[in-house]
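The same chain A turns up in both complexes below, where it pairs with chain B and then with chain C.
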Partner chain A sequence: MTSGTEKASGKKKDSLLQWLDERLGLEAAFKFAQKKQVPIHKNSVWYYAGGIALMLMVIQFASGILLMVYYVPGLEAAHASILRINSQVDFGWFFRSIHSWGANLLIAVLAGHLFSAYFMKAYRKPREFTWYSGLILLVICLGFGFTGYLLPWDDVSFFATKIGLDIASKMPVVGEAAASMLRGGHNIGQGTLSRFFMIHVAVLPLLCLGLMALHLLFVQMHGMSEPGYFKKLEAAKRTYEKFFPNFFLKDLLVWLLALNGLAALVTLYPWGLGPEADPFGAAPIGIKPEWYFLAPFQFLKLVPPHIGPIEGELFGALLMVVACSGMVIVPFFDKGESAGKAKIATYYGLVLLLGIIAFTIWGALS
Partner chain B sequence: MNYPVWIVPYLGGGWIIGIIAIIHVYLSHFAVGGGAFLAITEGLAYKRKDDRIYEYLKSHSRFFMILTSVSGAVTGVAIWWAIALVNPDGTAILIQNFTLAWALEYLFFAAELATVFVYYYSWDKVSKEMHLFLARLYCFLSIMTLVIINGILTFMLTPGLWIKTHYWLDGFLNPTYFPSLIMRLLIMFAIAGMYAMVTSSRLKDEDLRTYMAKYCAKWLLPIFLLGPLVAYWYIANVPQATMSTIFTGIQSSGVGNFSILARTLYLSLILSGTIVLFAYFGPYLNPKGFTFRIAILFLACGLGATGSTEYMRELLRKPYVVYNYVYSNGIRKEDVPRLSQEGFLTAGVWSKACTAQGENNEQRGEVMFRYQCMSCHTPTGYRSMKKLLGERDEDAIYGFLTMLRETNPEKNQYLGIMPPLTGKDDELKDLAKYLSTINKANVNLTFKPN
Partner chain C sequence: MEEQKPEENSEKHEHGGCGGSAKDSSCSPSPCGSSGDAKSSACDGNGGCHDDKSNSEKISSEKASSIGNSEQPSSNCGSTGGCGNSGNDDSEKCSRSQFLRAAVPCVGGVWALMAAYPIYSYLTPNGGDEPESKVSSVTVGDIKDLPPGSGKNFKFGSMPALITHTKDGEFHAFSAVCTHLGCTVQFRPEKDLIWCACHGGCYDPSSGKNTAGPPPKPLLALKVEVVKDKIIVSKA
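Entry: the complex of A and B
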């Protein structure tokens, strides 16, 4: 009796799988996943960063959609709607905190992913496009952070956005035009809020989804990047594990750990809301941007108002652009043909990373 | 107020107890669950005549013995020291009521320690039957320590009939005794499985490692299946006022501190849920890939889940040490009207002595702060008074304190989470004077009576 039932349910399962396979090509995808391998070496732990970033991105999209149900992007209504989400909507505070803390974690994880890929020389041939798509994704996420920060329309977010756009307007040629376009005029107001909302919920998500798809496609095309010392090993000494199911199951565990971290932050430190923005009031004392903009903020504070004929902020901003441009040109500078260039690239990455960390800590403490 | 209190700057005494207690709970639960693990797994090895499992148990029991008998015992004694120093009045009530139970718990604990030593040092020296008997004896004794301590712990939240009869057994076999006992046993089995995953992940024999990883994962199954039912049983017996506090927090968690109970409950549920998923996707589905490093992370998750659950359980009985009987600052509920009418500072032996040496109003206010506020607050650290008082001046603080003295919930909204303040008007003024100095400068508790 039992055996007969099992056979029947097995047949049903097989026919369902066959039906799906004929339409979706599941078998080919399954074979591909099984074929894919993950190298095992002392830095393998960094391979998990991409997966965590992907999981956090999914959480951001899902929680963002839920927040949109109650958020109203109007000058008179934005702050009140967030207050309502925080205090009246069941679990509204929970999803808002997930969205806010998730955004911060996402940027931290992406930064870790970027630098780990950099030091593993994952920008070299044939992964240049993987590198660039990742770099642009980080910039997009910073854009998410900047535009999303204004949406609650509280005191700190208003003045932080004002300072950010003022700095952007100092950039040569396109600075003023871009800042004015984002502001929707000379002052921050309804125009700015509408534009930031539209960019945050439509433009950036579309760009992000497209680039994410490309980034993942490139990763599948070229496989996981292997560090130099691992490539130099004899074939017999190079060990790999199957992506599916071995690495994937471990990936799931890491996602659960990351989720636990997020849950702890959300429940123990729910994201607050400051007083409603008053465009005619004074800026709060000691106002600072979010931690991921602290390094440039602190750097610009050190630059004198004028350096020769050039305005200080413009000079500082240009200096930072030059300092970061190494991340863009590195795939063409360090192609893996010269040990000297590889060393220079590593030192440049270290200096940039330590500089960002130092200025961020300095900014937080000052 | 009858004993001197321990001043812990910045962190506060509550956290000292909390940190030690969370570590102790994690170790002591392993001691009990691990006892069952040793007995059942050794029974399995005996039945199968599997020497490989015996070898594993030998190394696991070494880790078990050192961890539970040294760290478990040290943290257990540390809790006694900490609670007696931070909350002497509340501790005195527990000792006076449960003298016999404490004595029994100590006896079982001593027997448990002796048995674990005999168990470990008799590997290969006694027959397999005798060794299995020792494992089962240890399991029984360790469960008995839980059977007793559980009565005292649950009494604090649900004293039951004891409130009327003051008979110790009425307090011991209180409404949450049995659900808590079963829940703790389930948690202990899960923790035993998690610890054993760490030791089994070090096994060199791949077949045995794979088998043990799956076997250990199954120890989380009872809590997964029965946990929700027992939790419902437990919650059904928790005071209704506490449940209301949880439900209030569901909406208002984003806008205030009243919701900490609800938020800790969510954290406990999320962490516990992910642990079950972790066990399924990790050691159960992928036993070969379950490495030592992952096992350690898993153990850390367990510590987080235990910590948040115990913290929530402690919060459930706020603002009491013994629900509806003694407040968290050691003042009995029935004494509140008398203390407000006749005065607080002269009512206790030690507070009276401190007050007699106080040279000014500010120092008398500091004594009030020590005995009525400091069990939960610090001047500038955890639950900082400086932060909570904000820009209030002395008059505003006094107005706030008179509201905190109200025993009518409609006039004092803090009653659900804070004890009512006690004391005469001049004592409240002294306290307000002292608190107002906290806003002016970085204040340390400086008044040191002889």
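Entry: the complex of A and C
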């Protein structure tokens, strides 16, 4: 009797799978998934960074949607609505804190993902587009950070936006027009808040979803990148593990750990809210941007008012753009054909990374 | 491809005139050719068409060469200088698909520009909702509220402003917008200077001159008057 029921349910399952397979091509997907494998070497731990970033991104989308239920993007209401979320709405503080902490962790994980991919030379052929889509995703995430920072409309966020848009306005040719369009007028106000809200909840998420899909597609197309020393090993010494289920289960475990870390931060250090922005008040003493903008913030402090005929801030901003442009040209500079170029690329990455870390620490301590 | 028969086309034009058939792949810049049916019609210069057997035969042979050309990948109307220009028969005609390959991006580009312009205008603030401040003077307060060696931020129309009462007894007022990156400056009594908290720029409290840090220019000065113990600041 029991075996008869099992047989019947097994048949049902098979027919359901067949029904789905005929419509979705599941078998091909399963075959592809079974083929996918992850190289095992001393730096394999960095392969988890992309997955953690993906998980955090999902958390950001979910918590962001929940926050939109109560957030009001109005000049008189924005700060009050965040106060209400923090103090009156059940678990409001929790979701707002998750969103803020999650954003910070996401940037940190993306930085780790970027530099680990860089030092493992994962930008080389045929992964140039994977590299570029990742770079653009990082820029989009920084855009999320910049636009989201203003939304609570507290004093620090007000001046951070003012500085950011003023730097943008110094850029040659299109700078002033772009800054004015983002500002929505001469001063930071309702126009800015509306625009930033629209960019934060509509434009950037759409771009982000599309690019994430492309980025993941490229990763599936080309497989996991293998560092040079691993490729040089004899075939017998190169070891791999299956993505499904081995690596995927480990991935889930790491996600769980990351989620627990996030929950601990959220609970132990709930995200605060500064005083409401006063467009006519002085910038608060000790004002600093988020940690991921501390390096450019500190660097701009050091640039003198004029360098030759160029204004200091324009020079500083352009210098930072030039310093980071190596990340864009590196796939075409270091193609893996020259050991010398590979070394230069590695040194450039090290100098850039150490420079960013040094300026960030300096900015935090000053 | 089916070889065309001029007689059939002549018959067709008797009924239908120029245009209509989409089968033929040759085109010319003339209205007739571009209308789609060049099988056996010839333009009479007035926008009409007439039957011409010899012309039909000529076009028939041109069609054959045009079909052959259409397999070559990169020639289009634009790159060959336009359809039907003088030259040998192989290059003077372009196929319908070649024409479309050139026309679709062009039309698409123009359409995109047409769509982008209103979006750009819509997003560009015209200042209508934020008129420039018409305020020309502001009463900041009483003298007794601002002892020597102190300063105060205040609102001057839509601009943040700052007044200082220096130790020599003079009042000075400035725009409080830092000339570096637009933060709002403040008076620091313990250091006796105007200071920007964002990047540490310093200004002289008497003249507004930039004295240290990254600011490239002095603060914009405003005019201060004391009338019946009231401090009045106006545009300089």
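General observations
Here is the rule we use: the second predicted complex is superposed on the first by the 365 of 366 C-alpha atoms of A that agree within 3 Å, B and C clash if a C-alpha of one lies under 4 Å from a C-alpha of the other, contacts with A are read in each partner's own complex, and residues count from 1 in each chain.
The criterion applied here is as follows: a contact is a pair of C-beta atoms (placed from the backbone, for glycine too) under 8 Å apart; a residue touches a chain by one contact, two chains touch by 3 or more.
Computed from a predicted structure; not experimentally measured.
Contacts of A:Asn260 after superposition: chain B is touched, whereas chain C is not reached.
Looking at the shared chain after the overlay, A:Leu252 reaches chain B, while chain C stays out of its contact range. With both structures placed on the common chain, the touch criterion links A:Asn86 to chain B but leaves chain C unconnected. Contacts of A:Arg96 after superposition on the shared chain: chain B is touched, whereas chain C is not. Once the two complexes are overlaid on the shared chain, A:Thr239 sits clear of chain B and of chain C alike.
Residue contacts after overlaying the shared chain place A:Gln220 against neither chain B nor chain C.
Of the two partner chains, chain B is the only one touched by A:Trp271; chain C is not.
In the superposition on chain A, contact of A:Ser338 is made with neither chain B nor chain C. By the touch criterion defined above, A:Gln34 lies against neither chain B nor chain C after alignment on the C-alpha atoms of chain A. Shared contact residues of chain A with chain B and chain C: none. On the chain C side of its complex with chain A, the touching residues are 123-125, 127, 129-130, 132, 153-155, 158, 160, 162, 176, 180-186, 196-200, 210, 213-217.
Those residues of chain A that touch chain B in the complex are listed here as 83, 85-94, 96-97, 241, 245-246, 249-250, 252-253, 256-257, 259-260, 263-264, 267-268, 270-273.
Those residues of chain B that touch chain A in the shared complex are 250-255, 259, 263-264, 266-267, 270-271, 274, 277-278, 281-282, 285-286, 288-289, 294, 297-298, 301, 304. Residues 159, 162-163, 165-167, 177, 180-181, 183-187, 189, 191, 279-287, 297, 300-301, 303-306, 311-313 of chain A are the ones touching chain C in the complex.
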